[in-house]
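Just so it is clear, A, B, C, D, E, F, G and H label the chains in written order, and each chain counts residues from 1 on its own.
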Amino acid sequence: MTPEELASLLTKVKSSDCSIEDAVQQLANQHAETITDACIDHQRLQRTGIPEVIYGASKTAEQIILIAKTMLRQKGPVLATRVSSAKAAVVLEALPELEYRPDCQVISGSPLALSPEKYRGKTLIVSAGTSDIPVAEEARLTLKTLGHPVEKLYDVGVAGLHRLLQHRNRLLEASTIIVVAGMEGALPSVIAGLITSPVIAVPTSIGYGASFGGIAALLGMLNSCAPGVAVVNIDNGFGAACMAEAINRL
Amino acid sequence: MTPEELASLLTKVKSSDCSIEDAVQQLANQHAETITDACIDHQRLQRTGIPEVIYGASKTAEQIILIAKTMLRQKGPVLATRVSSAKAAVVLEALPELEYRPDCQVISGSPLALSPEKYRGKTLIVSAGTSDIPVAEEARLTLKTLGHPVEKLYDVGVAGLHRLLQHRNRLLEASTIIVVAGMEGALPSVIAGLITSPVIAVPTSIGYGASFGGIAALLGMLNSCAPGVAVVNIDNGFGAACMAEAINRL
Amino acid sequence: MTPEELASLLTKVKSSDCSIEDAVQQLANQHAETITDACIDHQRLQRTGIPEVIYGASKTAEQIILIAKTMLRQKGPVLATRVSSAKAAVVLEALPELEYRPDCQVISGSPLALSPEKYRGKTLIVSAGTSDIPVAEEARLTLKTLGHPVEKLYDVGVAGLHRLLQHRNRLLEASTIIVVAGMEGALPSVIAGLITSPVIAVPTSIGYGASFGGIAALLGMLNSCAPGVAVVNIDNGFGAACMAEAINRL
Amino acid sequence: MTPEELASLLTKVKSSDCSIEDAVQQLANQHAETITDACIDHQRLQRTGIPEVIYGASKTAEQIILIAKTMLRQKGPVLATRVSSAKAAVVLEALPELEYRPDCQVISGSPLALSPEKYRGKTLIVSAGTSDIPVAEEARLTLKTLGHPVEKLYDVGVAGLHRLLQHRNRLLEASTIIVVAGMEGALPSVIAGLITSPVIAVPTSIGYGASFGGIAALLGMLNSCAPGVAVVNIDNGFGAACMAEAINRL
Amino acid sequence: MTPEELASLLTKVKSSDCSIEDAVQQLANQHAETITDACIDHQRLQRTGIPEVIYGASKTAEQIILIAKTMLRQKGPVLATRVSSAKAAVVLEALPELEYRPDCQVISGSPLALSPEKYRGKTLIVSAGTSDIPVAEEARLTLKTLGHPVEKLYDVGVAGLHRLLQHRNRLLEASTIIVVAGMEGALPSVIAGLITSPVIAVPTSIGYGASFGGIAALLGMLNSCAPGVAVVNIDNGFGAACMAEAINRL
Amino acid sequence: MTPEELASLLTKVKSSDCSIEDAVQQLANQHAETITDACIDHQRLQRTGIPEVIYGASKTAEQIILIAKTMLRQKGPVLATRVSSAKAAVVLEALPELEYRPDCQVISGSPLALSPEKYRGKTLIVSAGTSDIPVAEEARLTLKTLGHPVEKLYDVGVAGLHRLLQHRNRLLEASTIIVVAGMEGALPSVIAGLITSPVIAVPTSIGYGASFGGIAALLGMLNSCAPGVAVVNIDNGFGAACMAEAINRL
Amino acid sequence: MTPEELASLLTKVKSSDCSIEDAVQQLANQHAETITDACIDHQRLQRTGIPEVIYGASKTAEQIILIAKTMLRQKGPVLATRVSSAKAAVVLEALPELEYRPDCQVISGSPLALSPEKYRGKTLIVSAGTSDIPVAEEARLTLKTLGHPVEKLYDVGVAGLHRLLQHRNRLLEASTIIVVAGMEGALPSVIAGLITSPVIAVPTSIGYGASFGGIAALLGMLNSCAPGVAVVNIDNGFGAACMAEAINRL
Amino acid sequence: MTPEELASLLTKVKSSDCSIEDAVQQLANQHAETITDACIDHQRLQRTGIPEVIYGASKTAEQIILIAKTMLRQKGPVLATRVSSAKAAVVLEALPELEYRPDCQVISGSPLALSPEKYRGKTLIVSAGTSDIPVAEEARLTLKTLGHPVEKLYDVGVAGLHRLLQHRNRLLEASTIIVVAGMEGALPSVIAGLITSPVIAVPTSIGYGASFGGIAALLGMLNSCAPGVAVVNIDNGFGAACMAEAINRL
């Protein structure tokens, strides 16, 4: 309940347009309403910022269709991550206006218009190897769906440093850099040592043996000797994109 | 070698003021010089951005004094983290203009002037418990030394939610929030669900038994169900401050 | 051997209706019989309290049918957890009076009548996300089969706190709360900070990457900063229900 | 703000005893006040239930003294866990009315009167070995300070089963049992198989080698094959006592 | 080269039936021969003790057939562990005289005759739950194939202690006991506390969540508080049987 | 209650020397008495087999003295493991007839006479390195105190195989071998490949870095590719000795 | 830009054949060119040393075909590791001149000629068991494709030491030894104790239970008590071969 | 027994200067002698290659003195690693000709003369940070003591890449490179991508929090995406030096 609404209610009480009992009732509920308001505010912010996103791994195709339909009705962007090909086929049959990227298992649709004016720069997504690209693309699709300017620079891992150094200008131009790497996860440290923008490091589960499904890369990134690096969960391209969006939003 | 220097050299070659051999020599060394330049550029950026910081845990008091003296000569801020009380006593005897905070084991001195104009907002540092304050203070002192606007909100953990909710406005006003928490590390998720600014989560080693020196908090933060959260190493208040500085720097 | 049976035997010995040799023999076996009695007592308690439950993961459909038949003959409730769809199809063909819930992989049948008079209140089952519902339902079905009053409150995770706070009354009314959460597992701490009833925390294996199949949630719950929380195994909805039943049984 | 207070305010508004501006001001603050109320309610509940407890491991003696004094002024019980002997000496010099138990590192004082009428039974604390007694005593002292009826049964580990079986009656009489065990942590399963009351299992860090500071016991307890067992953190006697208190409180 | 063979060779040298050069040659090779002999001796010992056993998990059906044929030709027993049903079908088609037990994935054939005279007693195999039976049966089949006297006692886990105590005599009669248990792995401690014979503990991978594929049971057994317990690898029924055979062999 | 005692009681009942009420009372208590008997029997077996052993790590010097005095009164052997030098000094001042070995932190005294006739052979204790000797000596002292024949063979690790092979005869003569090794823990596999007697493997915490306090050696031993190996806890020389004693006892 | 090219450019500047502006432009780009040169040098070295290798696990058949075609056009050797049978079938249909080894999942083709003159000796590949052979073969095929002399010695694990000792000469002749072992991973220590050449240890994921997918073997090898051993990732036969190639290359 | 000795013995047999019984005896012992010979050969190789090294962590000062005296008598080099300052003081008092380096805890003395002719090049030791220098120095002192040519390049970690790239020539000149790094352990990958010589990676325990005592660096190095890298144990500078010595020895 806004101050204006409060004043209006109290005016009605004073003028007896509202009984004291009714006012007590309304005000007693105010706590819940305040929370509900916050909720609605929050959702509104989300609609203009980060929309509700469907975590597809543990939902049925039917559940995904239901949520996506609501989102489409609200003219909002649709984003569903970790959707298997089988589920995606069912979803797209019901909602053919959506798109599915099998490599990064993302369903998207009805994206927000590209809005450079809403952000203080662009995000550059860097991947160490070609195997890390699906996670990088999950991040890129998320940012694109949100209307956030985004570029990519893939396959520039530390074992061939010249590949990275050739693109130093692109690194310097980005306002935020998402670095996606598996195996030893060393790329974020190297990049953070070359620039002053914040680096969001995404470990991937690429590797075998002692990579332990991404633990090696995760630990490497958490122990980065370069300042200005923070880390998200293994394979969490979506989370890195949300962090980048939050950093750049004006 | 700047373009101007290059042009000057070439002009000398043309006018025979410099022999071709000498010019070849100088230009052949240019790669190293470029790198050295980058190095100097980098250091200059660092001086205006993040200064060289002394990781005190594995240095002797003598080494710390030597580096700190150089920094003081360059009129730069001095920051040394993880300095034991014993080492600090030796350092401060030699350099009485420095200060030591025993709770967070930081030596600092010659801070940059507070520079709100260099940043797009202030950073709020939130701690879950009183035991997490030393790590939170490492972050706060780092930002203060860099001249970055910073506020604090301590002891508002999730087991008493009302303490946090009372300060929702302060959460909404910050452009970046550093959340420091041990034990189950749940606070970053709760805060990220209330705001739209980026959250930098710092797990602490506070706890016992199955907290495993901060692993429980670290895993909790990496698995945050709220978007807009990224994580730094356990007890790494300094790293969180660097990330915040990089995010907010204009 | 009850005191009455003992007295009866001794009377027979005294009256020579039972030879001393026979009595020695019977009494020498008494230890085993005592144990057997304890066993029968125990089973009787179980029949009125927690019935024998079939752990279906490592049994064949035939073994499940055999045990379920015995239970049905004894008019007891039937509960089989972690039964795959394929096994369940075989079981239900043989015992069509049973029911199968594929989402939580539980076969149940012949439930005890709802018995609020046997319990000092009702258990509320709270889930953090929709993905945690199968484990929550395993707990709810177990309690329902035992005749224990149970309610549910799903999808109220910490990233959208208002969803939870709207239902504070329901939290306060429950005599025991089972909180089911994956990812960072923060919900039990938040709830335990709001109420005075005991909280049974169930970590789920929902998540990916550094959730490590539920370890992150498990550690988060074990390190809860709120008093009045105890934890069961990952995905162990059944165990949480048994604990709740034991707590509330009059 | 209670409904009565709200009605009173509104009546004043209606009668112009309070200006609309003032009322708006007061009601706009209502959210915070509501929260503060909840806070105060919560604290009141705590005062009658579980009091504020001082986690001494990461506080200075001075901080402990300060908090303890406040508690004593409020006539509440004082309980500080994990206080080293050195700190305790300082605390007790300042507050000689407190007591210190060096074996379980607990400072306590001003306990609540024993109140069997507030609880539906007594808690029995069982320890597997003599080495587990300090953790068991942390639990017992906590309950005693809260006025909760409590008994103990120590050194009845599974390697000498007869020691336990001799005391079956005491196990059956308790309304809640806290079982404290290190090494393989098997005792809770054995006890839960003998009784129907809830068992709170406390793993201890007693052991060496592959006990890994209590992980072996913790895992053993989480995987208990007996229903009706829930687990708290390693060495967390205090947490087990809080859970028992919550279970038994009428 | 046996002493007799050596003497024979030397006699030939003395009698000039063998030239010194030839003898040097033969004796120079003796090291290899000795080793080869040891190898043959070793194999002979194995033939009368533990035969070559085929670890089927990483061999093709063809490889298993080849080795089994050699063993059958040598009239030795055949034992192949961890053979999948698919592989076993191929093997048994080629060698119909062999048998396959799908529950414990063992192929066996041509067993040694039961030889109580070769052993100082019988081995009792105890399983905690019905789910542990396949591992127990791998142990039992191994001992049976070796001709070692063996008995079984299944489904006597610690959650229903009376089941075990009823069979105390059988425990006391065995000269070695193999105890197979998953989940918390507490049974070996309980049994070792009742008897004086050596206990070989076999953790199984039965369980879920924090059982971590048998780690919980393994740690529980390694930390047994009862003396006279030693442990083999998770699910290693075969290894436990070999240890029992070695212990009991006269 | 023995059969004789039972018959005696029944005779008294028959002859009315004992009232039925008294007999009921006595027999009703029989369960506890049986257990107590078992306890006493068990202790008697222990006295002739494995005596009560004092785990000194978590006992005070006073507690150790108290228990040791009782043992000495009963003419039994005294064995206390993991006793620090400081505690041992206090104990030996009170009980000068005991001995302390600071290298393996064992107090012993009043050993049983060497009794080869009670065992079917001798135990050989092998250590891989000189650093493993303290654990090996804990095992040797335990066996010596029990009167079990024992020999030693130290510093014959796998990196210098010839040292081990020179002593093959000694390996073949032992009826049980305890192999103590840290670092990679490979020695038990090599020895078990040379002999047919059972091998008890004891991992030690010797090593650094990725030895993880003995985990590397423990895992190596659990994964031994040689049959006839079982493992005890890290540094558990005492446990290995108990297992050897149980194996060899006639 | 080589010194000659530099001199040529400068000569043109002097002779005004190149304007100063153009020269500045070219020299300003020199850094990138230098890097590009290094890149080309590097690739040339690779072409004569270790060629680009295709990590097949995370590439599609189409991607593998594309890269392999480029390699074949450049007359270079083709090596693709971790290619599933299904992918390999597609690749070989398109490029029938390649070969596929299903046991070690390697596609190879167009190998370099065997070049003993380029190396200071041959590499011997030793495997502990037959199950380790696929990883050993990945190493052998890699070396063979590179033209490096290589021999093999398989199935000589530590449980039957004589098998290894018979081949001591072959061990002594090799200039580098790759030792491939799973389970306890003890073979590298034993071999390194017999020779003076460097040993590259490759842990394999062969095993079950506490082998934890190769961790036991990895830790065993890292903790080797023999000097002259270094380790590569679990199952990384390719990496071991590259290390051997680098060691032996003249 | 050499062929000559064998021939001599046989000649004596033929001439009856040695009875057949005596010859059988001598030859039956030959196996052990052969092994002993190998031992002596091995030691001779060691004397010219890697000398016996004293692992000081688990030896007393007296033991170190004893072994060092033997080594000095044999004119061999003395090297003792992981010797604490306290122990070193005792050792150097007894053997003042030795030296102690407190930073890397190494005692050395009587080094072999620098022998470039024995090696095919020099080893370069690179450290990432100044904190890694003690481990790097352990490696350097080991090589120096062995007479192996060695250079150093310290503090060139990946966060400031230009520092490393300036020294590319030095990297290219070395025949083997030992790279010592803690934290994320990324330096070996970067270096191995720049050169063709073998890289021996040494993780250090430098770091805090999620570095887990060097595990992060160890995993990073094992997962290196660059070929030609092998890894030794955490902080094992000595082991890396031995590997380098074995690689370079002619």
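Assume contacts are C-beta pairs under 8 Å (C-beta built on N, C-alpha and C of every residue); 3 or more make two chains touch, one makes a residue touch a chain.
These numbers were taken from a predicted model, which means no experiment stands behind them.
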| item | value |
| --- | --- |
| Shortest chain-hopping distance from chain F out to chain H | 1 |
| Contact-graph distance - origin chain B, target chain H | 1 |
| Shared interface partners, meaning chains that touch chain C and chain H | A, B, E, F |
| Equivalent of F-H within the choices B-H, G-H or B-G, defined by over half of its residue contact pairs recurring | B-H |
| Of C-D and A-H, whichever chain pair has more C-beta contact pairs | A-H |
| Distance-maximising chain from chain H - centres being C-alpha averages | C |
| Chain A and chain E: spacing of chain centres that average the CA atoms, whole Å | 55 |
| Centre distance in Å when chain A and chain G are each reduced to the mean of their C-alpha atoms | 39 |
| Separation of chain D from chain E, taking each centre as the mean of its C-alpha atoms, in whole Å | 50 |
| Rounded Å distance between chain A and chain F, as computed from the means of their C-alpha atoms | 60 |
| Residue list for chain A, restricted to those that touch at least two other chains | 38, 42, 129, 160, 165, 209-211, 215, 218, 222-224, 233-234 |
| Contact pairs between chains, per stated definition | A-B, A-C, A-D, A-G, A-H, B-C, B-D, B-G, B-H, C-D, C-E, C-F, D-E, D-F, E-F, E-G, E-H, F-G, F-H, G-H |
| Interface residues, chain C side, partner chain D - complex | 42, 45, 49-50, 53, 120, 193-194, 196-200, 218, 222-224, 227-234, 238-240, 242-243, 245-247, 249 |
| Sites on chain G touched by chain F in the complex | 128-129, 157-161, 165, 183-186, 189-190, 192-194, 207, 209-212, 215-217, 219-226 |
| Parts of chain E lying in touch with chain H, wherever the complex brings them together | 3, 6-7, 10-11, 13-14, 16, 20, 23-24, 27-28, 30-31, 34 |
| Footprint of chain B on chain H - complex, ascending | 130-131, 160, 162-163, 165-166, 206, 208-211 |
| Partner chain H, residues of chain B touching it in the complex | 32, 35-36, 38-39, 42, 55, 57-59, 63, 82, 203, 205, 213-215, 218, 233-236 |
